[in-house]
Amino acid sequence: MSNVSINIDGKEIVTQEGEFILNAARANDIYIPAICYLTRCSPTLACRICLVEADGKQVYACNAKAKEGMNVITTTENIEKERRAIMEVYDVNHPLQCGVCDQSGECELQNYTLEIGVDSQSYSVKDVDRSSHDWGHLHYDPGLCIVCERCVTVCKDMIGDNSLKTIARGADPLNAEFKESMPKDAYAMWNKLNKSVIGLTNGTDVLDCTSCGECASVCPVGALVDTEFMYKSNAWELTKIPATCGHCSAGCQITYDVKHTSVENPDDKIYRVMNEWNYVSLCGAGRYGFDYENRDVTKDETAFANAVEAFKKADTIKFTSTITNEEAYILEKLKDKFGYKLINDEAKSFQTFLSDYSAVSGKALYGSDLKVAMNSNFIVSVGTAIKTDNPNARYALNNSLTTNKGAALYFHPVDDPIIAGLSKNIVCVNHKPLQEETVLYLVLDLFADKSKLPTDIVDYLASFHSTKTITVTEVVKEKVVEIVKEMKVNEETGEEIEIEVEKSKMVSTKVSKEVEVDDNRLFAMLGMADNFMETFEKLMKKKDTFSMIVGPDLYNHPNSKNLARLVALVEKYSEFELVMIPTLTNTLGVALINELSDSAGEYAIGYNTVADFELNGLGEGDLDMPAINQQEGTLTSINKHVNPTNAALTYGGYTLNDIANALGLDAENTIDYTVALGTVAGFKAEEFDDLPDYYTNSGEEIRGYKLDNLDVTVGSDESVSKIDEALLLEGSLIYLANPVRQFTDFTKNTTNLDEKSGVYMSAQSLEESELSEGDSVSVTTANGELTANIVSDNKFAGNITILPTFDSKLNSGALVNAYRFASASIKKV
Amino acid sequence: MMEIGLNHYLVLSTILFCIGLIGVMRRKNLLMLFFATEILLNAVNVGFAAISHYYGDLTGQMFAFFVIAIAASELAVGLGLLIVWHKRHGTIDLDTLTSMRG
Amino acid sequence: MEQFNNRNVADNGYYMVDIEDYPTDGWGQFKRIVKRTFRIELFVGLWVVMREMIKFDIHTISYPEEKMPIGPRYRAIHEMKRLWESDAERCIGCGLCEKICISDCIRMDTSIDEDSRKEVSSYTINLGRCIFCGYCAEVCPELAITHGGEYENASDQREHFIDYAGMLTPIDVMKANAQKEFEGFGAITPHEDERVKTTPLAY
Amino acid sequence: MFEAVAFYLFAFLTITMFYITVTTAQALYALSALAAGMIFISAFFFILGADFLGAVQIIVYTGAVMALYAFGMMFFDTTREVKEKNGNKYIVVGLSVLAAVMIVAIFSAPIISTNMQAFYPMIEGAGNTQMVGMVLFTKYLVPFEVAAIMLLVAMVAGIVLAGKKMDLSLTLLNAEEIQAIEDEKNKKVLS
Amino acid sequence: MDNAYLIETVIKVVVILLVFSALAGIGTYFERKILAFMQRRLGPMNVGPFGLLQVGADGIKLFTKEDIIPSGVVAPIFKIAPVITAATAFMAAAAIPFLPSFTVFGYEVHPIVADIDIGILYVLGVMAIGLFGPLLGGMASANKFALLSAARAAAVFISYEVVTGLAALAPIMLVGSLSLIDFNNYQIENGWLVWSQPLAFILFWIAAFAETGRTPFHLIANDHEIIDGFGTEYSGMRWGLFFIGEYANMFFISFVIPIIFLGGFGDGSVLGAFALLGKMAFFFFFFLWTRAAWPDVRPDQLMWLCWKVLMPLAVINVVITGFVMMF
């Protein structure tokens, strides 16, 4: 897109062609009021307050696109009149209960009413019963609602749940005289407002969605609030502590809103999590899973002495990737000093995958990030349960589908109705497990520039193609003219006479034809529809930006090396921008910082994991450690950003740094190591306190710094092995994945996330296996056996049983060899 | 024993004088030294007054008066000197009086 | 404000006290003492106090038995009022008093009650820290928190200075219709209605 | 009998007090004990019929001399512990006893002999004060005057020695004058 | 020494102790009441009728209060100092003839504990010892305000002792005796000494304020600049002893001034006795009166007044008296 320059209120600004005037103005610090518009989402045109005059015509700034030489005036007398009228209308019948409203203090209705100076009311209408509803974890008060539809918009355009819609209000129509007496746009806005309120799409009174709470977050008034937070605290009492969400690898910007617990208890407590909802969207875990801190920890000196002793005795340190970069660096330093073996299986597999990838691509890291994915209009997702592996990747997928009119291919063995329901332009392919290579070959086949691709691969791909003749039924439309007799009343005489009228109509007739088409055997291998190629061609219309998201299924795949090379080839020889989803919060950081070993030694220390001596942020181990929301430090996100996070709550115990100091390292605080990270390839030597953490008005993310994607010298070997069709999993399958809103033991520890641990089965498989929710079953694989209760989950479909990993007590990982799928037998006990 | 004679007073005077001497010998602080001197003078006064009484002669008392007068003058001049000394040296320790030592 | 800005004290009935020069030498001081001695100023002082004693014109009151009336705008210990209509507490838990309090002595916990309404689950004013500025009463939208005239708040327990129950109008007083409305700081003035703009009511 | 009881009582008290004075390391004890001892000494004078001497002892010694010593103590910063010489304790005591006995023996030797005549015998019917007055202003007039002059000289000497710059009052001086004094002090230190 | 004399003396001592201890208490009541009236207040009103039992309440309070010995003080001296003040005040009473002698059941009572012939000198001497209360209390307190107070006590007492002595010297020259009984008798014959020695009277009176530390010269325990001076660290009854000493001293001085200058108890009649009590009452009242009316002077002004005004005047007075007596 080309740059254009427009003039807003006499200020010459440069923006991209097709950019909305509102966004262009915001990016240049020009203020245009707007209530219903959400950056990144499609304009709603509900509030009409962003009215501006562009080249003499009144347009809506959120909807009108910038054109070269456009002259925009943000306020005219008429516009002011409109805005004033709009705000007065919003205040009509709005309850005067700011005193008890949760939004009071950060309410946009309050702000705009005060700013526009509404001190009197000219309009009125009879109110209807608008009593409030409890929608499960959300509370909706239609009385307070101004029907800006931001909740509807964000649910549709960002989240993809489509759980909310506008429904009829059932109010009396407006007095017709207002049409004349009040400004035009205000009247139109009011007319619409008076007809609708927000309702649920599922027709019940309880939300059934992925429970992200984003709708409550974007609500400008107190109409939608979290039930848990409702009436707990006023906005101004809360101290906002900027942080990075520590649950998955998305590294979302959040603020912990913190206040003293109660009158009696002055200790801080997190009341809610807020975000810059214009630029970042949270998932349910990020929003509601905030109280996972390690509580009431004091300095237990004996435990600390034991820990130091254990460190002196140990030869192995096991850890998970839910740690900060600084802690990972401390572990690495300790490894250098004492020769520990660092064990972290999931990070190790990601590290291996990355290095295998680099061997072909010549880059240390994947080339793209979720922002690019969000702005692209064709996305391919391979090897990830995207909804639960990284909700932000799902949001990017959905946003691309809805606002960019994009299309997507979703390859995954598990049937996911939520992903399938994002758009009609997404094709979900539920291939069999271990077929990821086939998928990647298909992607290469469909998208790669064959002229550049190594010839052996081109040949191999060509071997799947054959021509076959199929009978195609075509619909041919023909114009048929027929004579129809009609009775007609003679106007003069009043008699009915029969006349003949000649009528022509289109008639479609089906014609069978023999057509010779290209048959791609890969489709059949993946169980795709025969006519996929047609669908694919439809999807590919007007697509110019491509993104591929690959996930953890590939890292743990038995042939992961080959997959990594294939992925690299896809990125290299097609237009795809590549994103890899790191398994856990800081897997990327750990993979870059630590030198990991394969096998453990004799005496292991575990950090947040089971070992001979456990350091634990969950409050269960031999020595307590702070949880992520009690720590300062940096986390490396999927966007290759090193994001700072701050301690929301005080922590009274020892940290890893204390142990390191006792063992001879020297740093006052953990964050002293932030600058030392610069010695790791890709990281920068920046002080923690210098790391920025904000978004600009144009939506640019200024948080921490971006990792350098370094070049890696590679040979010219681009060979990949062929598809091993013998790899198959027999029998009923299990898959290691988490339910929505759960990631690790930390999310399990929170009070607001109520997902139970157990064996997750879809309604379909429950029906087929004649089991019911709550039954205790034993799952047996070649590697082991576990017993747990069945949990029914309608967020996925199909016949695969899902075993969650967020509960380490369940120890579901022991059932599989690295790869997330396994064949298993499930019996009722 | 019950009849108190001159000897009793003289013995008392001796004891008090002895105490005063001990004080003069073992004190290092000049002010304490002055205190010991006052004890010496008082011991003598007791003797004077006793003799005066037992011999029906007022001369002893007269001397006692003069002793008191001397004590008062000694105090005035002595304290003045001490203040000067203290101003100059910040201490009134006997060990600091060494400027005449060869 | 003009009358406060004029700091030319001489024009406003103030006059400088004529301080005589201090004598610098002994003779001067002697002269002064003689002068003062013979002007018998000291005895004027003696006479004044003696005169007052003889007149026996006592200007104090015996405090615990008698008390001075205090003005309606006096800002002593807070009172939490109840609603005349329902005897319920007026406080709605809006938190404005908590916000405006400049000595940070008000704290409240709010929660949702069984009727889905906001309820104040605990409320304290730390009177040991309160400076009785009256902002809380002024900002209260419900006239729930007001200042009363109760200024005798001695106690041997600091706990007693944060007592909510003591500030709330007792229910029996309320039942007896004996709650006194506050006329002082922050209360509605008699002309409040004139300041309200009317809203059209079409139905 | 009263006389004996009084004598032994006061003798004991006096010796105790003076002993405390010379042995204690706490200056305030020394001062208090010395003052108490002075008062107890005056009791002997009252027992011995020298009423005037006793009153003078109290007024002059306790009222004036000790008060001045206390004043001095505050000046010299010795209100607390004082250091002592570390001599051989027994030698000190022995020498003191010896010297005291010798001095008292020398002075009292002629008195103990029986052929003593009273120079100024007591006059019947006159009080002690009157007799003291008579003797003092007749036979001892010249020594009395000399003593008076001595006291005057001592007073002048005391004032001159201790009273340098005593008339300076920092509260009455202005800043420049105080600065000048400071400068003068500093100059002395530097030179 | 016969037994009757002994018993009489013991009774007199006990009576004086009791009466003046009580008077010290009642004195505080009068002081508070009179000061209050002069300041248009009511004073103590709550304990007993017109607050009369306030004294008792205060006494109970002082006796039952915790006796605090702060760490850092020189404990023995600290403890004994208040006793010195109270004791010397009462010791001074030994030589004061409070009333003319009278006869009870045929036994002549002399209302004086010890009629020694150096009475006035004795009173002065014992009052001089009274200095040691504030002095030792202040020095032992380990408190800078107490130490300041001790220094002031030493300076004021030594200085005003001189004025008192010299002021009393002229009357002594006239009377020719140090016995207070002789003073009384002299004035029966020759008229009140205040007429022949007005200057000495005034000087003695002024010095009395300094010796008792009362208001124009209330510098030793000056509440508003050195807290409570030597009493800062004291609490309970030890502080109460200082208080009793101060008020007892005021009463004794109020007796001594009329005895020396205003004819004492006169010829021994009942009228004379009441006249003495009346005079005493006036002088005591005057102490309170000045406290209500006059401001305090500065310490340096006090010294200046003593050495440069009062003492020269006293010396001149002595000299003039001597000359008048010679010729």
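Per-chain numbering from 1; labels A, B, C, D and E assigned in written order.
Quick note on the criterion: a contact is a pair of C-beta atoms (placed from the backbone, for glycine too) under 8 Å apart; a residue touches a chain by one contact, two chains touch by 3 or more.
These numbers come from a predicted model, not from an experiment.
Undergrad: According to the touch definition, list the chains common to the neighbour sets of subunit B and subunit E.
TA: Both-contact set = D.
Undergrad: Could you work out how many touching-chain steps separate subunit A from subunit C at minimum?
TA: The least step count works out to 1.
Undergrad: With contacts counted as defined, which of the two, C-E or B-D, has more C-beta pairs across the interface?
TA: More contacting C-beta pairs are found at B-D.
Undergrad: When you average C-alpha coordinates per chain, which one falls nearest the overall C-alpha average? Tell me, please.
TA: Answer by centroid distance: C.
Undergrad: Counting only Cα atoms for the centres, state how far subunit C is from subunit D in Å.
TA: 63
Undergrad: Cα centroid separation between subunit A and subunit E, in whole Å?
TA: Going by mean C-alpha positions, subunit A sits 95 Å from subunit E.
Undergrad: List the centre-to-centre spacing of subunit D and subunit E in whole Å, with centres computed as mean CA coordinates.
TA: About 26 Å, centre to centre.
Undergrad: Any idea how many Å lie between the Cα centroids of subunit B and subunit C?
TA: 69
Undergrad: Hey, what residues on subunit D touch two or more of the other chains?
TA: 31, 52, 56, 64, 68, 73
Undergrad: For subunit B, what residues touch not just one other chain but two or more?
TA: Within subunit B, no residue contacts more than one other chain.
Undergrad: Which residue numbers or ranges of subunit A touch two or more of the other chains?
TA: none
Undergrad: Linking chains that touch, what shape results: line, ring, star, complete or other?
TA: Its topology is that of a line.
Undergrad: For this entry, which pairs of chains touch?
TA: A-C, B-D, C-E, D-E
Undergrad: Tell me, which parts of subunit A touch subunit C in their complex?
TA: These residues of subunit A touch subunit C: 98-100, 104, 119-126, 132, 134, 139, 175, 230-234, 236-237, 260, 262-264.
Undergrad: Name, in rising order, each residue of subunit D that touches subunit B in their complex.
TA: Listed in rising order, the residues are 1, 3-4, 7, 11, 14-15, 18-19, 21-22, 27, 30-31, 34, 37-38, 41, 44-45, 48-50, 52-53, 56-57, 60-61, 64-65, 68-69, 72-73, 75-76, 78, 82-85, 87, 89, 92-93, 95-97, 99-101, 103-104, 107-108, 111-112, 116, 118-122, 131-132, 135-136, 139-140, 143, 147, 150-151, 153-155, 157-162, 164.
Undergrad: In their complex, what parts of subunit C are in touch with subunit A?
TA: Interface residues on subunit C, with respect to subunit A: 92-96, 98-99, 107-112, 116-119, 122-124, 141-142, 197-203.
Undergrad: Which stretch or stretches of subunit E touch subunit D in the complex?
TA: 1, 74, 76-77, 80, 116-118, 121-122, 124-126, 128-129, 131-132, 135-136, 139-140, 147, 150-151, 154-155, 157-158, 161, 165, 178, 300
Undergrad: Looking at the complex, which residues from subunit C come into contact with subunit E?
TA: Residue list for subunit C touching subunit E: 26, 29-30, 33, 42, 45-46, 48-50, 52-53, 56-60, 62.
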